[in-house]
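These are the structures in question, set out in turn.
In the two complexes below, subunit A is the common chain; its partner is subunit B in one and subunit C in the other.
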Partner chain A sequence: MSLSSSGRAVRIHEIAMLGAFALFLATVEYVIPKPVPFMRIGLANLPVMIGLTFLTTREYALLAFLKVFGQGIIHGTLFSYVFLFSLGGSAASVVMMLIAYRLAGRHVTFVGIAVIGAFASNMAQLFLARVFLFGEGAWLIAPPFLITGLITAVVLGLFTQQFVLSSRWLAAKQEGVRRD
Partner chain B sequence: MKQIMKRADAVILIAAAVIIGVMSFQIYRNGSDAALVRIDAAGRQWIYPVDQNDQLFIPGPLGHTEVVIEDGHVHIPDSPCTNKICVSTGKIQRTGQWIICLPNDVFVRIEGALPEDGEVDDVAF
Partner chain C sequence: MTDRRNIPLIAGLCMLPALVFQFDLLPLLLQLGLLIIIRLLQGGRIRVKTNLMMIVTITAVNLLQAHGQVLYEIAGFEITLGALRIGLVRSLKLIALIYLSQFMISQRPAFPGRLGNLLSLQFSYYEGFLNSGLKVNPKQFIQRLDELLFQLEEHRGDPGDRFQAAGSVGWIPAAAAAAAFWVICATAPLL
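Right, the complex of A and B next:
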């Protein structure tokens, strides 16, 4: 798909907007009190999933990077080892969600995609924790970690699906793509 | 097309739940398999598996401290000491937990293949 120069500028604005949205949601997530530190909601994945519907692979990777970078700044972990966990988890989830959307987008809604993404992210982080921090003991936190991830992914997936189905902005965009 | 959830979503959801269930089962079962009861008393040391029921009489300076291993739990029903702190400690079962009888120099501790203390420290994490 080739874009005209004005189309490209629009696209960059859209990526920037979704990236800013991820930054905002990372802030919202940061101020929500959590009973245990490893519990996460993953609100910032909402714009990333919305981006799946119209971005190319490279643009999608850029958006994912903006999300990870933004989260690092907001949570204050950008220059710590925690950032590597965030990066590893996000990379796994982004790749898996992209594959799932491209291969089975017709049969799967964002609920399934969010569950796949959350599972990939959590497994990647557990694997990193096992290798670099805790050894075999890391698996002890796996069940509660994965279960909370599953629940938040379903809720976020339902919300994303609702958004994608009812957004006039997205509908107008897809109209525009068809007209081109 | 205008659907919130499709059949494939349910399949993914159930698959994820099943994977988590099987993993949890594996993790928590293996955790207790590896656990051992280590008893240090008056310079001697004994090691017993925590999942085999046993009744032990550990010799100490004051006499024999009775240690019972029962259904994965360990407790001291009686000891020849005066304050009985070891008896009132009750049952221990997880890696890193311990019972001590200072007057009779008996130290009972559950150890496992897991790293020291076996539990993840929420604060440090």
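Right, the complex of A and C next:
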């Protein structure tokens, strides 16, 4: 797909906006009290899943980078292990969600895509936790970590499905992509 | 990299190896103490409860792998000195790294090039989201979100960085903090 320079500028704004939306949701998640410090809901993945529907692979990778890097800056974790966890988890989930959507988009709902992404992200983070924090004990926290990840992914997937079906903004973006 | 906003970033990069390669508990505690002082001087908050939960969780998981001298035995479960030490070092290092990272980006460092511009644009929109007063009301959330996305798109602001950074840090205090960090590291064997 080749875009005109004005089309490219519009697309850059859309990516930046989705990246900002991810930061906003990450901030919302940051202030939600959680029973354990490492539990995450993954709200910031909503714009990433929305991006699946109209961004190219390259643009999608850029959005994922903006999400991770922006979160690192906003939360001040850019130069800590936490950033590594975020980067590893996001990279794994983004790759798996992209593959699932491109290969079986019509046959998989966003609930399925969210579950695939969450599982990939959690496995990557468990591996990093084993290396940097918990040692072999990391596998002991794997069951509750994966189960909570599964539950939050289902909820997020349902919400994304609803958003994709009813959003006029997203419909306009998809229409713009078809015209280009 | 002569931008004043990048001073904490440069100082932090100098401090980073002294922290990452610190495996002794007492020097690590001193380094963490120094970072907490810096954070407070910059007007930041210290989340005591969150930090304590991190220490307890990480240490508890590490205790599951017995290592070294047995200190106590509770209902057949051995608490070992080696595992306790490893757990404390790992958790304290994680907390220290978070504070160091917060110091490094406390003045919103200026990232160069197209990527820097894109990040500025992202933060400009982020500010739009923050100022929107969007409420997480499940009933009309999608509709409101939709309206907000249209609204933000209409008002594509200038991509200038409008974030309020923490208190300014000069070269001298930044260099002093980095030097103190390395002094703690160098004197670790004496502590």
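One rule holds in what follows: the second predicted complex is superposed on the first by the 178 of 180 C-alpha atoms of A that agree within 3 Å, B and C clash if a C-alpha of one lies under 4 Å from a C-alpha of the other, contacts with A are read in each partner's own complex, and residues count from 1 in each chain.
Definition applied: a contact is a pair of C-beta atoms (placed from the backbone, for glycine too) under 8 Å apart; a residue touches a chain by one contact, two chains touch by 3 or more.
Predicted model only: the values in this text are computed from it and were never measured.
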Review point. Once the shared chain is lined up, is A:83 touching subunit B (first), subunit C (second), both, or neither of them?
Key: second
Exercise for review: Classify the contacts of A:119 with the two partner chains as first (subunit B alone), second (subunit C alone), both, or neither.
Suggested key: first
Practice item. In the overlay, answer first, second, both or neither for which of subunit B and subunit C A:12 touches. Key: second
Point to revise | subunit B versus subunit C as contact partner of A:111, first or second or both or neither | key: first
Practice item. Report for A:141: first if it touches subunit B alone, second if subunit C alone, otherwise both or neither. Key: both
**Study point:** Of subunit B and subunit C, the chain that contacts the larger number of subunit A residues
**Key:** C
Review point. After lining up the shared chain so the two structures overlap, which partner does A:28 touch, if you call subunit B first and subunit C second: first, second, both or neither?
Key: second
Practice item. Answer with first, second, both or neither: which of subunit B and subunit C does A:20 touch in the superposed model? Key: second
Exercise for review: Report for A:70: first if it touches subunit B alone, second if subunit C alone, otherwise both or neither.
Suggested key: second
**Study point:** Touched partner set for A:154, first subunit B, second subunit C, both or neither
**Key:** first
**Study point:** subunit B/subunit C common contact set on subunit A
**Key:** 36-38, 134-138, 140-141, 162
Study note, to complete from the structure: In the complex, the residues of subunit C that touch subunit A are 12-13, 16, 50, 53-54, 57-58, 61-62, 64-65, 86, 90-91, 94, 97-98, 100-102, 104-106, 108, 118-119, 121-126, 128-130, 134, 136, 142-143, 145-146, 149-150, 152-153, 156
Check your understanding: Mind pulling up the subunit A residues that touch subunit B in the complex?
Key -> 36-38, 104, 107-109, 111-112, 115-116, 119, 134-143, 146-147, 150, 154, 157-158, 161-162, 165
Review point. Where on subunit B does subunit A make contact in their complex?
Key: 2-9, 11-13, 16-17, 19-20, 23-24, 27-28, 31, 113-115, 118-120, 122, 125
Study note, to complete from the structure: Given the complex, residues on subunit A that touch subunit C span 12-17, 19-21, 23-24, 27-28, 36-38, 62, 66, 69-70, 72-74, 76-83, 132-138, 140-141, 162-163, 166-169
